[in-house]
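Each in C-alpha cells, the structures are laid out below.
Shared between the two complexes below is subunit A, which has subunit B as its partner in the first and subunit C in the second.
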Partner chain A sequence: MKKMISSGLTFMMLLSTVVTPICAAETTDVIYTQGNNYTISIPKTVNLKQGEEVNTQIQATQMNVSPTEKVQVSVNSGLTNGQVTLTHDNGTDQTTSKVSLTSNGTAINNNSVVASFESQDLNAKEGGTLYFAGLANNLKAGTWKGQMTFDIKVVNK
Partner chain B sequence: MKVKKGLTGLLLVSLMATLTVPVQAAEQTTLIHANVGSSYTLTIPKETTIDVNALTTPLNGTIKVTGNILSTENVVVSAVTQPLHNDDQNADLPYTLKNGNQAFTSVNFNQNDLKSTKEVQLQIAINQEDWNQAPAGSYNGSIVFNAELQ
Partner chain C sequence: MKKTKKVILSIVIVFILLGGGVFVGMNWSHWFSNQTISNVDKNAQDYKGNKETYTGKKNTDTIDIPGFDKLTFKAGTKKQKVNFYNPKQNTCYFRLSMCLQDGTKLWQSQLIKPGKAIYEITLNKGLKTGEYQNCLLKYECFQLNDEQTPLNGSQINFNLSVLE
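What follows is the complex of A and B.
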C-alpha cells in the first residue's frame, strides 16, 4: 500500500511539471555602441625664423571614429588675411607670417580646415601640416609672440 | 514579466553606450613665437698717422656701432692702448687716447644710437715734453677696441 501511494505521488508531480505552460519564444537583442575615440595633438608652440619657412604637424595619436564620420581640425581664430600676427615684447611693434597648408602655398584663413582624420588611421586624410612663411629680416631684436586657436570636432563625411 | 525584464535590460545597455560617447568638440591654442637675437657691428678706424710734434691727432675715422639690440641693452665700447714704440731705439712715446677733453675709457651705444648716426671721434694726445724727449725714429703702436653687449 505504501508502495502505491509512493507511485501515485510521483505521478502527480510529473503531471504537475507537464502542465506548466510553455512561454512564447522571446529574443534579446545584444547591442554595444563603441563611441568615437580620438586624441589630436596640436603643437603648443611654434618657433618661427627670419627669412626661413617653418612647418609644424597636427597629429593624431589615437583615432577610432565611425565610418560615416571624421575628425576635423579647423582654424578658429588667429589669422587675418591669411597671416598670423606677432607682437614684439614692447607691445607696439607687429609683424606677420603667412600660414598655408603647403610650402609657400596659398594662405589659409579662419575656419579653414587644416587636417582631417578618418576611421582608425593616424595619418591625416587631408592637411596635417601648417607652413609659416619666414619673418622679415629687419625685425627688432627681442621676442615676438602670436597665437592661433583651433577647433577639433567630429563631423559627418 | 520576463518580457519586461528583457526590455529593461536592453534600455540599460543602450543608455550606457550613450554615456560613453566622448565630447566631440574641443579647442586648442598654439602659441607662435619668434626670437630675434641682438646683433651689432663695431666700426673703428684702421690706421692713423701722427705728425711730429702734434699735440692732438684725431683718429682717421670715427667709432660707431650699428645693429639691432633690445631697448634694455647697450653696446659698451672700450679701448686698450698699446705704446707707440721705436724698435730701433727701443723707446716708447707716451700718449693718451681722448674723447674730447677727457681720457677715453668707454662709450655706450643704446638701441636708438645704433639706428642713428651717433659717432665718436677719438684723439691721440701727446705732450710736448714727450715729443721733445723722443729718440729719433719711427714709432708704431695700436689701440685694441672691445665691444660688449650689456
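What follows is the complex of A and C.
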C-alpha cells in the first residue's frame, strides 16, 4: 500500500512536469522614434558697404535633433573661390566681396560649413557668423545684387 | 469661594464679550452691506485654448527655413501627402521644388505666402519602392512685391522612403 501511494505520487509529479508549461520571463521592446526637425534662419539679404566689413548671422530658431547627429549649414551656391559676386543693374558690371568665418579672415571654400547646431540647442556649435569684406570704393551708382543659397543637412557627429 | 467664583465668571464673561465683538465685526459688512464684491466680466468667453499673443516686432532681415531629414511616400502614385509650409514670421514668398539626388525634379510649387502650407502634392511621376538618399527640397525666396525680387535661398537634404 505504501509503495503504491509513493509510486502514485512520484508518477503524478513526473506527469506534472511534462504538462506544466515553462514560464520563462519574456520581454517586449516598446519603441518610438521621433524624426529630426529644425528651423534654420538665414539672412534674407546682406547689405554690403564700400570699404567696410559687415557680418550676418546664421541661426537656429527651432532644433530637435538626435544626440548622435547635428544640423550642418554650408553655402551651396553664390560663391566663387570664397567670393560672393554682385552684378550691377546694367547686367554687365560685377564686383565681389570676400566671405569668411572670422573678421578679416581667410575666404571660405565652396561647401565650407558655416554653422552647425546640435540636439535642442539654438546656439551654433560651429560658426554662425559670416563676414563680408568691404566693397571697392569706385563702384558705379545703382544697385549691385547677388544671391547665396545655403545647404542644410543632418549629418552624424 | 464665592469671590473666586465671581472672578472666574467675570473672566468668562469678558472672553465671551470679546469673542462676540470680533465675530460681529468680521461679519458686519456681510450682514448689512448691499454691495457685491465684483460684477461678472461680460468680456469673458468660453475657454478654447491659448491664443497668439504679442512677442515683439517681426524680424524682417531673416528667412526661417523649416527642415527635416526623412520623408515617406507611397509607391506608384503621383499624389502624396506632405507638410511643407512658409513660416508666418517670414516676409517673403517661398517657391519649393523637390529633386532626387541625380537632379530629377519631382515637383515644384507656385509662390507660397507666409503662414500658408502645402499638404498634398502631385509628383511629375510615381516612384518605385525603395530608399532614395540625399533628395533635395529647394527653397527659392522672393520679395513680397510686384517684382518678386529674388532673395537668398536654401535647400535641405533628406532621405525619401517609398513604401507599398
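Convention: the second predicted complex is superposed on the first by the 129 of 157 C-alpha atoms of A that agree within 3 Å, B and C clash if a C-alpha of one lies under 4 Å from a C-alpha of the other, contacts with A are read in each partner's own complex, and residues count from 1 in each chain.
FYI, a residue touches a chain if its C-beta (ideal position, glycine included) is under 8 Å from a C-beta of that chain, and two chains touch if they have at least 3 such contacts.
Note that this is a predicted model, so its numbers are computed, not measured.
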item	value
First (subunit B), second (subunit C), both or neither touched by A:152	both
Contacts of A:61 with subunit B and subunit C, given as first, second, both or neither	second
Contacts of A:92 with subunit B and subunit C, given as first, second, both or neither	neither
First, second, both or neither for A:42, with subunit B first and subunit C second	both
Contacts of A:81 with subunit B and subunit C, given as first, second, both or neither	neither
Residues of subunit A at both interfaces, subunit B in one complex, subunit C in the other	35-38, 40, 42-46, 76, 78, 147-154
Residues of subunit A that touch subunit B when the two form their complex	23, 26, 28-33, 35-38, 40, 42-50, 56, 76, 78, 84, 86, 90, 95, 97, 132, 135, 139-154
Touching residues on subunit A, where the partner in the complex is subunit C	35-46, 57, 59, 61, 71, 76, 78, 147-154
Residues of subunit B touching subunit A in the complex	2-3, 6, 9-10, 13-14, 17-18, 20-22, 24-39, 68-71, 73
Subunit A-facing residues of subunit C, complex	60-70, 87, 91-92, 141, 150-157
